[in-house]
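One chain, chain A, appears in both complexes that follow, with chain B as partner in the first and chain C in the second.
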Partner chain A sequence: MDLLNGVVALANFVLIPAIAYGSQLALGALGVTLIYGILRFSNFAHGDTMAVGTMVTVLATWGLQAMGVSLGPLPTALLAIPIGILGATALVLLTDKYVYKFYRAQKAKPVILVIVSMGVMFIYNGLTRIIIGPDDYRFADGERFVISARTFRDMTGLEEGLALRTTQVITVITAIAVVAALFWFLNKTRTGKSMRAFSDNEDLALLSGINPERVVLVTWLIVASLATVAGVLYGLDKSFKAFTYFQLLLPIFAAAIVGGLGNPLGAIAGGFVIAFSEVGITYAWKKVLVYMMPPALEPDGLVQILSTEYKFAVSFVILVIVLLFRPTGLFRGKSI
Partner chain B sequence: MSGNPYQDDRGNKDASITNPHGQGTLIASGTQVRPMPGGDGPFLIGENMTGGYGKAGPDILHGCTIAVEKGEIAVIVGPNGAGKSTAMKAVFGMLDLREGRVLLDGEDITQLTPQARVRYGMGFVPQTSNIFTSMTVEENLEMGAFIRTDDFRKTMEQVYELFPILREKRHQAAGELSGGQRQQVAVGRALMTQPKVLMLDEPTAGVSPIVMDELFDRIIEVARTGISILMVEQNARQALEIADKGYVLVQGANGYSGTGKDLLANPDVRRSFLGG
Partner chain C sequence: MRTVLLFGAVACLILGTGFLQSWNSALLILNMGLISAVMALGVNLQWGLAGLFNVGVMGFVALGGLAVVLISMPPVGAAWQAGGGGILLGLVLGAATIVAAVLVWARTSGKLRGWGTAGVLLIGMVIYRMVLDPSVEAVEAVDPALAGYLGGLGLPVLLAWPVGGVLAAGAAYVIGKTALGLRSDYLAIATLGIAEIVIAILKNEDWLARGVKNVIGLPRPVPYEVDLQNDPAFVERAAGFGLDATTASTIYVKIEYGLLFAAVLIVLLVLSQLALNSPWGRMMRAIRDNETAARAMGKDVTARHLQVFILGSAICGVAGAMMTTLDGQLTPGSYQPLRYTFLIWVMVIVGGSGNNLGAVLGGFLIWFLWVQVEPMGHLLMSLITAGMADGSWLKAHLLDSVQHMRLLTMGIILLLVLRLNPRGLLPER
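Our next item is the complex of A and B:
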């Protein structure tokens, strides 16, 4: 019984949150990796693209709520996501037209575009703060739990509860659907294949009659959608705050690089590696250990390796280790 | 290098933020998408071409003329640095011509971008980076047929008949193939548009002699289907043996030209370029 309690506690505090967080990171890292593969630079504005998409979704959600629209047990934000995607797409396409396109025409070196994307990041950053403000906003509504801790305890008679939040379930289901759709698109459709061809060899793609501007357009469309979905899922799960989204850039980049930049499969794996390590290392394991180990070995402290404030350090330590020992990432991406 | 500050990466080699792999270098010279009426003459001719790379680069070609008739094989040979590849690139619109013009089937295509030339029936196989390494052989061929809106399965079947090994390896990533097989993929990709002219930049560079013979055989087969072939070759002797027309370039100008057999028999050409 103690062992079972331990497993439930582990699932409740580590596995479920990490899977949800990992899915969000994976969606974010997919966007970064696509831009890296096709536009050939690391897009530092990605976290803030997520913020803009989420902000539009939040505003639309509030509008829908004011009109009395709701999805019943599901959060209203799901209805507002298409509007958020539209907003983010419009913004990145405008940015591309007035900023990135100039540098593409110059055949600018990617490192220049990296710096340009930093400038874009600051603009987006300010835009979000001007429009919605710098505070913490909650926009999740509907049923909070699929199974609450109390229900679970009553059902099973265990001491430990297992809470499964609606947002966590939605996150995982959405992530699986989005990733499946993306892989289908990249591997089976003509446009998807032309994107891979462009990523592989720009000159030859041009000689095959592939229109580079169209590839870039489709890439931005996909990236804006991925960013918005990832941002909304994260916001539903936690809350929306512009600064948090800016900070999310760090674990997202770590995930993309750990998985292997330019490799979509790697982005997903990287997302989960980073999420599990972050949650695992900052979790106080005492509760689980007390259940799982004989009473004589009961730990004195909290058995928390790092306090939660240091969670970003975890991504970076993993990043450094991967870059030292497997520079191309877990799945062979572009060599570094 | 080119004086463009945007093209200076200041020594950055950090691939965790930049991805130079596969970045394009092609700057199209032309501006038009439609050819102009030209005149009579050979099927494809680059006439009196003078020009070099970039807007201000020095001239590499000096009044060079290259022509090929329908269904024939024309070969450009010459010493290193003679401008062989440059002449071919000029015909394909990859550098600015200061003088001269390019005619395809009686139409003036001098101002066409390389992409537009592909649509008008020119296929080009670059010397290096001529396949999509991360994609399967079949996907490479599909990308070759990207501009086609009709059913291209028949053409793919023809390519597989021409290069049976590709059918065997069609689900394998092209980057995993041997040098000779990669060249076959590259030629196959260019054939997918059903070009009227196929241009090959040193198709046998870096392949073994046996594979080279086989590639030449395949190229003759392609020519027999009515496609004109223009190629640059290092292996001058072998190339001239299969050529209907040969051009020996010397310092960016026509040195000798004639049928392949004539050039092989010409004592000057033999002494200077074929090693006696």
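Our next item is the complex of A and C:
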């Protein structure tokens, strides 16, 4: 019984949050890794692209709520995601046309593009703050829990509760659907194959008649959609704040690099590695250990390796360890 | 010629602020401009001279700020008695653990290697926490409203400036050792990460510098305004200039700060120029432009990169210490990457990467704009919204959003310079 309680506590405080967070990171890292594979630079504006997409979704959600539209138990924001994707796509394509295209034509060095993306980051960040403001917004509505801790306790008679929030379930389901669709697209469709060819060998791809501008366009479309979905899922799960999204840049990049930059499968694995380490290392394990260990060995302290404020440190340390021992990432990077 | 003209133009901008707004704000812009110029020099050394992409400037600046607290604040005796020894011992044990783990990793092989290293780390970590945690608690319990930290060494505050550089250099050595020699993107992410970690440590380790409770009232290298106002000789001299004592004292203090900062900037600028034109500088540029060729000539690229990375970071640390001295307080919550990392980058790019004078110019110009965009934006928005009805939500929203115009403006400036004049206002010669 105690063991069961321990497992439930573990699932409630570590596994479920980490899986949800990992899915969000994976979607974000996929965007970074696609840009790296096709456009060949690290996009520093990615966190703020997520913020813009989410912002449009939040605004649309408010609009829908004002019109009295609702999805019942599900958050209204799900209906608004397409509008958010449209907004993010429009902005990203405009940026590409007026900013990145010039440097692509010049064949500028990747590091120049990184600096350019820094400028874009400033602009997106400013836009978000001007349009919606720098504050914290919660926009999740509908049913809060699929199973609340109390229901679970009543159902099973265990001491520990297992809360499963609607947003967490939605996050995982959406992430699986989006990733499945992405891989189907990359592996089965003509456009997807041309994207992979372009990423593998640009010159060869051009020789075989692939239109580079089209590949770039499709890439931006996918990246904007991924960024919006990742951003909305994160915002539903926690809350929307421009600065938090900017800070997500670090774990997202860590995930993409740990997995191997340019490798979509790696980005997903990296996202979960980072999420599990972050949650696992900043969680106070006492609650779980109390159930798992004989009473004599029960720990006195919280058994928390690092306080939650150090979660950035965790993604960083994982990143450094991987870079030291496997510089191209867990999966071989740079092949889409 | 171009240099003189552009510097003259920036001087006019700052003087203009003095005439149109107030001399106090002009001097404030000048002082922060001097500090920004020093930071820009540091980044220019790394990026302009060596092509290293460091986006962790904020971390080095914050370490400089920490140095000011550690050097200049008086020690808190009760806290040292409560747990000072324990904390020091804990830190030594923590360092020893890492050294031991590295040794185990280097000396063993096979299965023993992984498990041995992990075991050493785990045991060391447990001992470290067992020693450190009670001492930290004891220290933080000492008069938490006013102290709750170990305090500093009580030395003159000016000493903190070089020490800030040394702290930053130490951090740069650790990052450089791990991330240099890998791809350039990795250095960028590594520095971004270390900057966040430095801020997280400053925010959470209350025993070190009081965390988010802030350390206020740092000692100053210049006299206090109140003392000046009470000094009859000073009041008399101020009256000679036709100024009242309050204004005169604030201006006097700012000028003294300005002179100190200018001295540091000039020394660093001269040194940077000498370095740029020395054989060492030529070697660095050769490495930047063609790493493979430089390596073929027998240059140790990674070691040179490490060297210049440490030097540039140290300069940022000095600037950070100067800034905290000027503020008179250390507020870890106020460090934001957009302001302390990316803004410095805008300065370097706009000024002209690879040109030390360009970086200095960019530091002044961009800082001036950063400060003045808000009033300008406010003016603009008032004009746009003039026709709207008072109390309409759009008008209120637009007027509110003015404070965020800075980020947008900086982004646009950066993109325009990169597009139209990628080598900056003062291009590298």
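The rule is simple: the second predicted complex is superposed on the first by the 333 of 336 C-alpha atoms of A that agree within 3 Å, B and C clash if a C-alpha of one lies under 4 Å from a C-alpha of the other, contacts with A are read in each partner's own complex, and residues count from 1 in each chain.
Methods note: a residue touches a chain if its C-beta (ideal position, glycine included) is under 8 Å from a C-beta of that chain, and two chains touch if they have at least 3 such contacts.
Worth saying up front: this structure is predicted, and the values here are computed from it rather than measured.
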Which superposed partner A:G262 touches (first chain B, second chain C, both, neither): first
Which partner chains sit in contact with A:S208 here, chain B, chain C, both or neither? Use first/second/both/neither. first
Does the superposition put A:E309 against chain B (first), chain C (second), both, or neither? second
If we overlay the two complexes on their shared chain A, which of chain B and chain C does A:V99 touch? Say first, second, both or neither. second
Applying the touch criterion given at the start, work out whether A:R40 contacts chain B, chain C, both or neither, answering first, second, both or neither. first
Between chain B and chain C, whom does A:L323 touch in the aligned arrangement: first, second, both, or neither? both
Between chain B (first) and chain C (second), which, if any, makes contact with A:F122: first, second, both or neither? second
Using the touch definition from the top, say if A:D200 reaches chain B (first), chain C (second), both or neither. first
Using the superposition on chain A described above, determine whether A:V111 touches chain B (first), chain C (second), both, or neither. both
On chain A, positions contacted by chain B and by chain C: 42, 110-112, 114, 257, 261, 323
Could you list, by residue number, the parts of chain A that touch chain C in their complex? 42, 44, 99, 102, 110-112, 114-116, 118-127, 129-131, 133-134, 243, 246-247, 249-250, 253-254, 257, 261, 301, 305, 307, 309-310, 312-313, 315-316, 319-320, 323-324, 327
Could you please specify the touching residues of chain B with respect to chain A in the complex? 4, 6-10, 12, 14-27, 114-115, 118-119, 124, 126, 129-135, 139, 142-144, 146-147, 189, 193
Given the complex with chain A, which residues does chain C contribute to the contact? 51, 53, 55, 125, 129, 133, 178-179, 182-186, 188-190, 192-194, 196-197, 200, 203-204, 336-338, 342, 345-346, 349, 400-401, 404-412, 414-415, 418-419, 422
Which residues of chain A touch chain B in the complex? 36-37, 40-42, 103, 106-114, 190, 193-194, 196-197, 199-210, 212, 257, 261-262, 323, 334-336
